[in-house]
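Alright, structures below, take your time with them.
Note that subunit A is present in both complexes that follow, paired respectively with subunit B and with subunit C.
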Partner chain A sequence: MNDRLLKTTNPGGSPLINERLFKSIGKPLQRKEDQRLITGKGRFTDDFSMADQTWAWMVRSPYPHARIVHIDKTAALAMPGVLAVLTGADCMQDGLNAIQHSPVPSTQYDVKLRGPGDTPVFTGQHYLLPVDKARFVGEAIAMVVAETRDQASAAAEAVEVQYEELPWVFDSREAAKPDAPRVWEDIPGNVLVDATFGDIEGTEKAFAAAAHVVTFKSHVGRVTGVGLEPRAALGHYDADGDAYTLYAGSGGAVRQKRELADVLGVDQKKIRVLSFDVGGNFGTRNRLYVEAGLVLWSSKKVGRPVKFRAERSESFLTDYQGRDLVTDVSLAIDRDGKFLAMRAHNLSNVGSVLVSLSPLGKGSGLITGSYDIPLATLRAQAVFTNTMATQAYRSSGRPEVTFAIERLIDRAALQIGMDRVELRRRNLVKPDQMPYMNAVGSTYDSGEYEINMDALLELGDFAGAEARRAEAQSRGKLLGIGFCNYVESSIGTPKERVDLIVHADSVEVVIGTQPAGQGHETSFAQVAADVLNVPFEQVFIIMGDTDVVSAGGGTHSGRSMRHASTIIVLAAEELVMQGRKIAAHVFDVAVDQLAYDDGVFRCLYDNRAWTWFELAAKAAAAKLPPELAAGLRVRFDNEMHTPVFPNGSCMCEIEIDPETGSLEIKRYATIDDVGRCINPLIVHGQAHGAIAQGVGQAMWEGCHIDPATGQPLVGSLMDYGMPRFDNLPSFKNEIAEVLSPTNPFGVKAGGEGGTTGALAVIMSAVEDALLPICGVIEMEMPATPLKVWTAIQEGRKRQREKSPARTDARPEVTA
Partner chain B sequence: MTIVSMRVNGVEVSREVPDNILLAYFLREELGMTGTHVGCDTSQCGCCVVHVDGVSLKSCTTLAAQVNGCSVSTIEGLANEGVLHPIQKAFAAMHALQCGFCTPGMMMSAVDLITGHGRPLTEEDVREGMEGNLCRCTGYHNIVKAIITASHEMHAGAGDAQAA
Partner chain C sequence: MNPITYLRPGSVDEATRLRADFEEAKYLSGGHTLLPSMKQGLARPSHLIDLTAIPGLRGIAVEAGDAALTIGAATRHVEVASSADVLRVVPALAGLAGSIGDRQVRNRGTIGGSVANNDPSADYPAGLLGLGATVVTNQREIPADEYFVGLFDTALEPGEVIVRVRLPVPLAAGYAKFRSAASRYSVVGVFVVRTPQGVRVAVTGAGEGGVFRATALEAALSANFSAEALAGLSIDSGALLRDMNATPEYRANLIMVMARHAVNNMGRVSMYK
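And then the complex of A and B:
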């Protein structure tokens, strides 16, 4: 529970950024949003109801892959309360379009992912309801609308769908084979992306000349977000105004509006999307779901509002899922432990339709991790399978590649007999190399990796670890010490818009991000308050209603704090100009006779001075000329492309009971360079939650599929291993503020670092604990007690075979 | 249909509802009290916890009819005439909530846990006693801190009582 801050330098920036005067920025202020959330007054999607509303229920495919031969609605339509039964054929008849997910990352900083043979990437067609076939278990095939939810659910049972089962494939390695069952007939195989990057020839030469070559292969499995609020959508078509309204929590209402307009084939002006409190997102709600389109479309058909609320089991089957990357990496190292080159082959499972290549793309740019590796080549592939689509999930793509490089380095240290910290130290990117372009073309903006690493080792008392190991051993336990560094990237949609409005008693900031617990109403208000020098309590952040928020990039990829702080200060500069003009008019002086300083407009030749709120009151009462008539209000659009690279180090200790294989995390420490930290209370909270999600994947979570039937085996919180009160420890976290030179406040991002290193550090600890018995282990996550116990049994068997007198001595390493 | 009557946060209510309506939906949909949340369908997450006659209970797994005649309190009744309950203060002060979806059930469970112990809680008490509630956002770290803090406030002076 060590929540201290490490401070470094300030890059300066705007004249409105004056650290000396910060009253809110950097302070652990309590969140504004909490008042409603702790009193039961949150506004989650299912909290909204409309008069005369009806209920939707989906008929979902029980098969991983099946042709839809015929759908008979007759029996269902005859059931009590049923208003409509709708299918893919009805969607086609009404001319609905497929969802345009824009799945291929396209900024100039993203790696260019292409189809096989340098072709455009084939995405599949994501219709609200399919006409031809079902491509995964749980896919919505038909929809029932009825008076009550129970009636809709009962009638869904009566919809007779005749399927013709088809061969299926769920494993990406199988799906990539030429004779695998084809998810889409439109392309020759299931491989939709196949692109190679880096200096192939140089890498080969370096490998040929290397003193050591180390390899590591793994499958980073499929997980799901499990936001605790199940997905919901309430749609209403108003025939009088020919307009649609949707209540649906998401990662950005503006995007939902745009994509829904495309699907329905109507003008964007006809659609209003409202997204207020969102019960967890983590990436899963950033892309459009079919049910959002379905409730709007069906509302028009039945002439009443239509509501959908997912069961938890539906969330497990049909929330966009995460990870699922097969990685095969190798490292060339010279005699002195210097990294020479890296090779990587990453294969991403996108599921049944392409929703996002962000995980593969983001990861591709970071395969070399925090290390100065001069040469690298990467082959990035993606395949379709008969599974739910994957999407960016907390720290899209980065935990996977961090896992690969960091596990690879642990292996290297064992193989060449060098201390793992020292091996890393010799290869970390140095501050004087910043900005540093890695071997696949990503330019790291700033960071003090070695300083962070040393601070972490101190925070986690790495020096005392061996004594703790000995103490555990005296109790018959195996203590494993895990350690890793990470670097991740934050890019995200480059465009953002803000409206900054000063009233006589408040400031309103209208912005197009969409938090799901990240506290934007608080941290953005801290920025606006200090930039304008007004009280934090009087700043209000307005989000989530597309009738008010006209544009905006949503919340993903750690973009929000960086974009918001930047655009707020840029807009404030314009607002100051507008304020000076208005003040000049009201004071009746020339504009150049007016100074603005720290929240006060001052007339230069007398003592008259007004604060923002005083000026707003005067402006409201005055008759302003047309060009100033809007008052103290500006709209500002900004585009910011340059990515930033949050980074850090993590350490953990896991105690294993060799007799049962049970694991207990005894210690978990991180240091995260988030750039400028606006609110440490919130940033620490982000770190805690992010760690839990990464640890969850490493130790418990997994969307397992039965290899015999293709059926998902995980449909409830009884079968999905969650981080819980009693399986996590309290954490030790520190924030390192190495300010980014890429934006006015020097913000990087704080929401995803905790997850990025967690997979690697947990598996590092597990391997370290088992080392004396098992040597290096090939264990896929999650590291369940069964896997650990089995590894111990096998390790002991090997030891007995080798030498009957067993020793649990640890291998020697030298610095 | 059946008539169900209960006291909710001190107010008598009575509704004619389907026999199978769950207490969670009775509160949310019949009474419009949407502070109680439903996060799962297998009684695992604890988002739905309310107190029935002072004891915490998962309202997603309880028929409204089962609590006919009982006294139910929900998150909406936790603050006393605008004065926040110690658990509410601690959750806000320690940032024990992010999205806030688990929070109502989390706090209702915590209050029962604290009351039931009759003394301030330790980290072990909280991690074991709160096992029936899930949170996906916070990693539990700050929730544990907040519950311990609230337990001290709620049991201020209770040390003597315990010693007796």
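And then the complex of A and C:
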């Protein structure tokens, strides 16, 4: 094998990775799963039903914060078909435990988030049903089980819950104040995390000496995933085996099994979880929902299977939500435009109970973005509020901090009068600095940031932007040009397990990831096919049933392709050893007289040779000694902690009609360094979806709450603006493959980069378009026509009054 | 959902008798407002009386000499949008019907249902009020100017059934609407109509009391039918709606902008977002 090639493209040095023999990897193969999914043969949770099954309906709190004084079940129990009405008191009586979400990121690469005064983080108690209080609108307070769904729904209305309304708080800034209503009485205030990182003294000195100090504040608001398939759960308790079975789509069945065992207080062996096709996750389904535990528990109580399916309106209220970060950042810059230091204060709204600190934690390690900023300090806070809990949502935490640093740099360019591209160029981390440890301790593995940026400017025709702006102006329109760089991290659960099994006509790969549309059945098969030199069509990926998949980390944080490709090649090395032993036995030669090369086992002293499938057939017919009796089958466990840092650049152009404030995206281009790209068709699809999801938050989506009542105002698709094809242009995307040195194939991640930069690039374009009228803008996303029009009116008013705009001139382009 | 009895009368008389028999009965046409309301528990009728199978309630006709257009109450949006007659005599009305909701809505929703519901963001109320239509019921004929009373409120008496609407054919008409990014309902829709007697301008999506006529705009356009005639005019935001999509001030602005777009695009529907 060519040494240079090996060094640059096979960081782990696996003899089974031979780029010249790749038949599948890197090819835009069509997805194996599409035929099933588009012909109605998908197996989504609601597709499963059981004989004699009953239905659950939740009684949900209408109040953001209320003490549960009394629950009267009498009337509901008397309703037709009702089998049970269950409350928090019943959960307590049966000794159910609170869900252990393991919410504090704990790998050695995660920033260490602590409670105020360096205390352990208080998480709240996430019981299946609360006993004391309702802490958000929509919280399940009681559960009705009935023969039919309609009967359960009707009886739920007859459950009489006596509430005592309490003062509430939904805004994180308000909740952090000492006199705010308290979501949990167990701790002195609502602040559950308060930790400071970085070189405080050095940062202060750098700020004191800086030629320029620039600040930016914003609130990156609350959004929700809106999976096409509302969440559902079917639970069955089998009294004969004293065992539980749950059908519930999620981000990983193994985790659900572990946490459910804990909630129910039973051995993990007693629980089987099946999660097959999932109609949208984006992080919302990665953490356990109370309904999953409730259907299992209630199934034991009523002695029959229990099914729950959320309404769309329930999903809006009670799917784990995303983002909600208040950020206050500032940058110290020297006379030449070199960044000296950064300060950040990030406040995360975790909702009513702590489910995950991933958004705060992931963002904390990336506050300095793609730039070489020698010094930084960060104060990271998290606070409880009377809202649905937040959770990692596509690109957890990274769009928020990318938004902060990139908008801050746009401001800096305006303030110091330097071109924004040039200012970035002077500060990007350079390839020869890799691996690069940033000022808050994250070590970026690899990347060619400036090359990406220049390629993006070319791809998006940045040079022609001013001409397009002039053309738009001739039509009375304002064209804004948005631009940003991003770097994100893929960490995720470090452990993964694979079973590789070779049959006479197929290879099975059993693995513990859980796709919700990412195409694992295809891209993992590409890897296994090329590693074993077998046809792609004959490789099958098995996932989702904990009776088959015994361990696995699930799918989140862009971990799946990296972990899967790594463990498949490591397991394959072991499988080759096993194959050589079996071949030696079957053909009665010594193991060292058997070679394996490129998918073929060869006898060294004669010309006998067998492919994997031929060997599997012979092994099946042979009587193998006990140590080989398993046949061509290995189980491999791997732990891989080192994170990777996908990165890229984005630009977009938005045309604004100043008369109505309406916005139209005219151009959108990205360069995404995903490391090795296994399937460009899938990666491009992921980029498109990721961009739409990020743009959605920037332009249309928002979980608004009525400040007067604390009631969510968004309960349906009538109010929640989803990205739609006719609101998006055709994207220009290119993939950059700078291989990561951290794993055998050099994979980074490709599912989230599109989202990471989208918030920043859209708001950069909006501000750029409005600059001549408004100067810099304080506009919270989504940037709706109403907000844009209002900003224009205010800007014009300021211009009329000749009050000095904060920045009223467009800086000259010097690049 | 509670049990519901579905009834399908064969005549308007039978429908009204059934309606009188059951206190909690509701008429059903396209059902695109009623059914979602029922799913949310906001409406709980005991009986649904489906009007769409009644002979004579469906169809489009042009009166001799193209004086007026008659559309049966149970005529679906898709039928109005694609009708050769409507496209010939009031193309903006066909455009309006084709701009309602999405394809599924247009295949079910009816003109009678929309007009009876009188949603403040619905499109047909602007079309009817702008054209000076007459709502013909089983009891009487109601001029549009008297028919639209307030938010979800009309001059219909309990049990009264819309049979058809009669729309005088104008010299020209144009419709411009600004749509919500989420619901795609009109945040503001302005229907401008030129008639021999003068110009009528009806505004939907904006008024606290539902659809209304912008009389100042009518006067200006009657004197000089051009976008320039609207310059300098403004709408008082005092009686306009406030919601997540728009403030009253923003709606006042959108009315002027949409009015101008309608005037500049007579014979068409122009959509903005």
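General observations
Convention: the second predicted complex is superposed on the first by the 790 of 815 C-alpha atoms of A that agree within 3 Å, B and C clash if a C-alpha of one lies under 4 Å from a C-alpha of the other, contacts with A are read in each partner's own complex, and residues count from 1 in each chain.
Everything that follows uses one rule, which is that a residue touches a chain if its C-beta (ideal position, glycine included) is under 8 Å from a C-beta of that chain, and two chains touch if they have at least 3 such contacts.
Keep in mind it's a predicted model, so treat the numbers as computed, not measured.
Superposition of the two structures on subunit A shows subunit C fitting alongside subunit B with no clash.
In the superposed pair of complexes, A:660 makes contact with subunit C only, with no contact to subunit B. When the two structures are aligned on the shared chain, A:406 is found in touch with neither subunit B nor subunit C. Judged by the touch definition given at the top, the superposed model places A:717 against both subunit B and subunit C. In the superposition on chain A, A:40 contacts subunit B only, with no contact to subunit C. By the touch criterion defined above, A:700 reaches subunit C but does not reach subunit B. Considering which of subunit B and subunit C touches more of subunit A, the answer is B.
In the superposition on chain A, A:139 makes contact with neither subunit B nor subunit C. Contact with neither subunit B nor subunit C is seen for A:496 once the two complexes are overlaid on the shared chain. Residue contacts after overlaying the shared chain place A:767 against neither subunit B nor subunit C. By the touch criterion defined above, A:789 lies against subunit C but remains apart from subunit B after alignment on the C-alpha atoms of chain A. Working from the superposition on chain A, the subunit A vertex angle toward subunit B and subunit C, CA centres, sits at 40° in steps of 10. Of all C-alpha pairs linking subunit B and subunit C after the chain A fit, the shortest spans 5 Å.
Residue overlap on subunit A between its contacts with subunit B in one complex and with subunit C in the other: 150, 313, 717-718, 722.
Across the interface of their complex, subunit C is touched by residues 150, 153-154, 157, 313, 657, 659-662, 699-700, 704, 713, 717-722, 727, 784-786, 789-790, 793 of subunit A. Every residue of subunit B that touches subunit A in the complex is listed here, in rising order: 18, 28-29, 33-42, 44-45, 47, 74-76, 78-79, 84, 88, 91-93, 95, 97-104, 107, 123, 126-128, 130-131, 133-145. Residue ranges of subunit A in contact with subunit B, taken from their complex: 1, 28, 30-31, 33-35, 37-42, 44, 46-47, 49, 150, 225-230, 277-282, 311-313, 516-519, 681-682, 684-686, 688-693, 716-718, 722-726, 728, 730-731, 754. Subunit C meets subunit A in the complex at residues 1-2, 40-41, 178, 180-183, 185, 244-247, 249-250, 253-254, 257, 272-273.
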